[in-house]
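Reading through the structure tokens given below for one structure.
Labels A, B, C and D are assigned to the chains in the order they are written; within every chain, residues are numbered from 1.
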Amino acid sequence: MTGTVLTTRRVEAYHALTVVAPGIAERFRPGHFVAVAVGGPQSSMLTRRAFSIHDVKPDYGGTVEFVFTVRGPGTAWLAERRARDTLDLVGPLGRPFPLPRDPVTCVLVGGEYGSATLFGLADALQQRGCRVDFVLGGASADRVFGALRARRMGETTTLTTEDGSLGMRGKVTDVLPGVIADTRADVVYACGPMETLRGVTAVAIEFDIPVQVAVEEAMACGIGMCMTCVLPVIGEDGVTRMVRACAEGPVFRGERVRFEDVGTIPFDALGAPGSPSGGGGTRNVS
Amino acid sequence: MRTYLAHVELINPITTAAGCAATGKELSQFFDLNRIGALVTKSITMAPRAGRPTPRMAETPSGMLNAIGLQGPGIDAFLERDLPWLAQRSVRTVVSIAGGTVNEYGALARRLTDAPGVTGVEVNLACPNIEDRGRVFARDPSASAEVISSVRALMRYDVPVIAKLSPDVADVVAVARACVDGGADALSMINTPLGMSIDTETLRPSLAAVTGGLSGPAVRPLAVRCVWQVHAALPGVPIVGVGGVLTGRDAFELILAGACAVGVGTALFHDPYSCLRILRELEELLQARGFQRLADAVGLAHRPPGSAARHRADLAPGPGAPDFTVPPDPLNMEESSL
Amino acid sequence: MRTYLAHVELINPITTAAGCAATGKELSQFFDLNRIGALVTKSITMAPRAGRPTPRMAETPSGMLNAIGLQGPGIDAFLERDLPWLAQRSVRTVVSIAGGTVNEYGALARRLTDAPGVTGVEVNLACPNIEDRGRVFARDPSASAEVISSVRALMRYDVPVIAKLSPDVADVVAVARACVDGGADALSMINTPLGMSIDTETLRPSLAAVTGGLSGPAVRPLAVRCVWQVHAALPGVPIVGVGGVLTGRDAFELILAGACAVGVGTALFHDPYSCLRILRELEELLQARGFQRLADAVGLAHRPPGSAARHRADLAPGPGAPDFTVPPDPLNMEESSL
Amino acid sequence: MTGTVLTTRRVEAYHALTVVAPGIAERFRPGHFVAVAVGGPQSSMLTRRAFSIHDVKPDYGGTVEFVFTVRGPGTAWLAERRARDTLDLVGPLGRPFPLPRDPVTCVLVGGEYGSATLFGLADALQQRGCRVDFVLGGASADRVFGALRARRMGETTTLTTEDGSLGMRGKVTDVLPGVIADTRADVVYACGPMETLRGVTAVAIEFDIPVQVAVEEAMACGIGMCMTCVLPVIGEDGVTRMVRACAEGPVFRGERVRFEDVGTIPFDALGAPGSPSGGGGTRNVS
């Protein structure tokens, strides 16, 4: 689980770390993430930080790269790592993107660093003969991740920024309907802030095409044990359950995620306090 | 490194802590669950529970707060799906149970008593008592005792009942004693003390549930103290030490305080292999110090000072030195009673 | 950034925590003591005390244990030497007092009532009560109330009496309420919860006194929770928030929970300038968030959710979204009563 | 208080760090120590670590060097520091060695890394025309610090190791009487483990010459505020008090330190529980 940092680089507003981790690289599938320990041996920060895997390469037996933005002390610490430092990672984790059997047309939508996870996916899709079009957005030009690579890989690439500094002014959801219509897309894949995923899902529903979203929920373990990362998702049986973003996700069918109710327990969820299924008030309080 | 939890033998003293290893399946991706002393399940309730809204977790210095709200499938699904999965693999399983009334705990025990594959029952007392205006059982010796004796009465005689205690009390020994009097075969401590943090950006509590349980190394000094006090008062009662164990050294610390088994919780989130690593480190520590059996180390730090050399020899009075040591301070009951 | 401790105005909310700034002289080498809200002295006792044997300190994750045993010169020397030194420099001084009986606390108050330069008296209730088999005052509402009313009765009417509470209780609100009923003008919380660590080399407790008080960031979640609970129950009572404050953010957290002043303890050992740094950071945080007065932030995290935007807008239900939020769980009294 | 690490070096079994710290270097006197924060911004280690100042130099406005052995996690972290890292130090702290007015003969006794503090002292003594002789010891050759420098500076230098790998086999206290007799020493200075200081003091008392010892007690603050570092010392008035090693010390007159009672409260100490002066049982327990 301990890997050596091979390279560090800045990509616009983001940092990227490449770490030698053969065990993770080997089993990687697009949509997987890693959970990274931060702060070193005597750190006061106990919980791992989750990052989508951006890229894997065969060098040194296998490397993984992830891209991140500095948010709090954990990512600040990561941003100070240098080549040859060691890093403690667990992975690959989560349910990856499901791939279509047939060579269909796919629109890949990325918001901010959410784009990082889409290139491995594009690769896998193209290997199956799928057509890939990108829609990438961010607050400003430096927060749109991977525009160049998207232009190289995608049939078309549409960029948006909220301040208009790159591509169209606006959000990915503003341009998405046009792209779906133009490309006659069969399926949408998306990764980005929850708000973006909600919008993308709404658009896909409008066009009546399937949408796969990779969500981001605060996580303590990343391996399905702590139950902190749950969100309300409607099951095959129509029942809403609080499911773990790390174990059942992070990739879900967008239509199944009750985006409006994230951060709540919907009253009709299985085991909700008011629900007929029960769910008395018992709780571990101290 | 065998140990005993009441009359039940465990192949080693390392267990998971309740609520920190989900159903066991998740952890079994990382190691064979038969290699640890026991798997303690999350606390099972009668009905399925969706738990609390998110955010359910907040990181704090050397710890974390959680307010999961006992999300779980309820006893039926547990008995149908999760317990058989564990039983088929012969995983020694301690089932943790939680309820809102004495009767609910009893009903859970009744459901478990004939279930195959139950190595022990741990009673999570850190739940609000509906019948006493939500007062937490674990904070009240007599309510705790009532729950325990109800569970003990309904549970198969050869399955030990373990009472899980909270540190948020003025006198943990009083609660421990009440539980033992109520029939507890063993005690587990500590559950998480109630804590809270506020997000200074949103100006609101970090947790949707406002308050939550504090776990991790930050609380280890509280766990060591509770184990120490209870072992001093009730030396014959087996104790599962839980709280902030990250390394074999930490497990050893709880054992020296009086625990004969050690639960690993938050550390599992950081390192899914931690149970095995802790076990290995503990074995090495015991070996290096010449312990033949785990039992020889249990509660060892209680023996009177001087019966082993102080580490910093330079601080110990020389052999012929006049006995200038401090006379016992009559008012420091906290220590002098130990 | 003025604040009030009962009727006494402090130029700002940052104070030292009792026992963490010695006589004040030591700290004055680093900054002018007039720049903080108040200096809280170590707890003064009637007689001189040599304290506990060493080791008196053990480091723990994000915290430390101490068992100093109230080493100090006694009230006579304090009134002769230390208090006049502070008074000459017009340092706003809160004198902390500690006793083993209600009478001893009263006797200390009597000695202090005419002493010039006493801005407030903080009553350290975390002392064993000789007359009740060493039971700690702070763990017993009625014993706490008795001490407070004795001190209040004997202390000059215009000097506020502050009760310092411990978190090692099942119900901190009950103790707080008893103290206020006993006449406390303000409350200070938290004192250190009792903890312990064991040296795995010597196989003995790390502290000579066996157990000790846990302080530092590790306990901040307990402090925030206690301040929150007491402010919710007694919104009119001024609270000095103490426990694990290292930065302005931490002070702000306690203020949002309900504290109108903040004590800095362990952080002073790490950074002797920390009081001023924390003050500056707090000022910046308040300014950045548009607060005009400290009072506007006190207890702000208690206002109903929704009266300010959630930070992670993506998690907040949209304006037209159906109200699917969780109905109050009748059993979660801990939160629902707040 | 934040200085930049200028150089790091290994000296036999020890590590040495030189840090740019003009404010500390400027006020340095022999016997002073620094208190160093360990573990970086999100460290779980809260208390500072105390180290005697080994050397100060005028480079870059003023540097201080300290020498240390890896004991626990804090010193392990320090041992990993590299040039250009920053380090947070408070100092100079403590009561330095008092210097004799007259050009007398001084024996300087150092045990293990305790020797590190003696060279600044030797310098100051020699500037006053004193004669300086060294007695340095350690468990083994690699744990005797500063032998070469002592040979260069001292009139004589006697080395001892417990395993006989350097100098005489034995302890500094075994050879000290001979050195005092040979040099007709007027005063002894010592720094090292408590056991060594106790022995050195006993020898000095035998010869009826003054002895100044720099003690080492576990410290949390180093600045006189926490009261953790106390030891029983007899005052001018004959009364034993629990005094702070960081503020009243670390340098004491050896005869005044009740070495046998370190780690206890002697019954006749001011404020001891049994003592007539009072000291009731009041205590902050939680």
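Annotations
FYI, a residue touches a chain if its C-beta (ideal position, glycine included) is under 8 Å from a C-beta of that chain, and two chains touch if they have at least 3 such contacts.
In UniProt terms, the chains line up like this: A, D = Dihydroorotate dehydrogenase electron transfer subunit; B, C = Dihydroorotate dehydrogenase.
What you see is a predicted model, and the numbers here were worked out from it, not measured in a lab.
Traced through touching neighbours, the fewest hops from chain A to chain C number 1. Separating the CA-averaged centres of chain C and chain D is a span of 36 Å. The mean-CA centres of chain A and chain D are about 56 angstrom from one another, to the nearest whole unit. In whole angstrom, the spacing between the mean C-alpha positions of chain B and chain D is 44. Contact of a single residue of chain A with at least two other chains is seen at positions 44-45, 262-265, 272-273, 280-283, 285-286.
Looking at chain B, residues 52-54, 61-63, 69, 100, 128, 130, 136, 139, 168, 193-194, 211, 216-217, 310, 312, 315, 325-326, 329-332, 334 sit in touch with two or more other chains.
Taken pairwise by the contact criterion, the protein chains are fully connected, each one touching every other.
Across the complex, chain B meets chain A through its residues 19-22, 26-27, 29-30, 42-43, 45-57, 59, 61-64, 66, 68-74, 98-100, 104, 124, 126-128, 130, 136, 138-139, 166, 168, 191-194, 208, 211, 213, 216-217, 266, 268-273.
Against chain C, the residues of chain A that register as touching in their complex are 44, 193-195, 198, 258, 260-267, 272-274, 280-283, 285-286.
Residues of chain C touching chain A in their complex: 61-62, 217, 310, 312-318, 321-322, 324-327, 329-332, 334. Of all residues in chain D, only 39-45, 73, 76-77 touch chain A in the complex they form. Touching chain B in their complex are the following residues of chain A: 1, 37, 44-48, 90, 217-221, 223-231, 241-242, 247, 262-265, 269-273, 275, 277-286.
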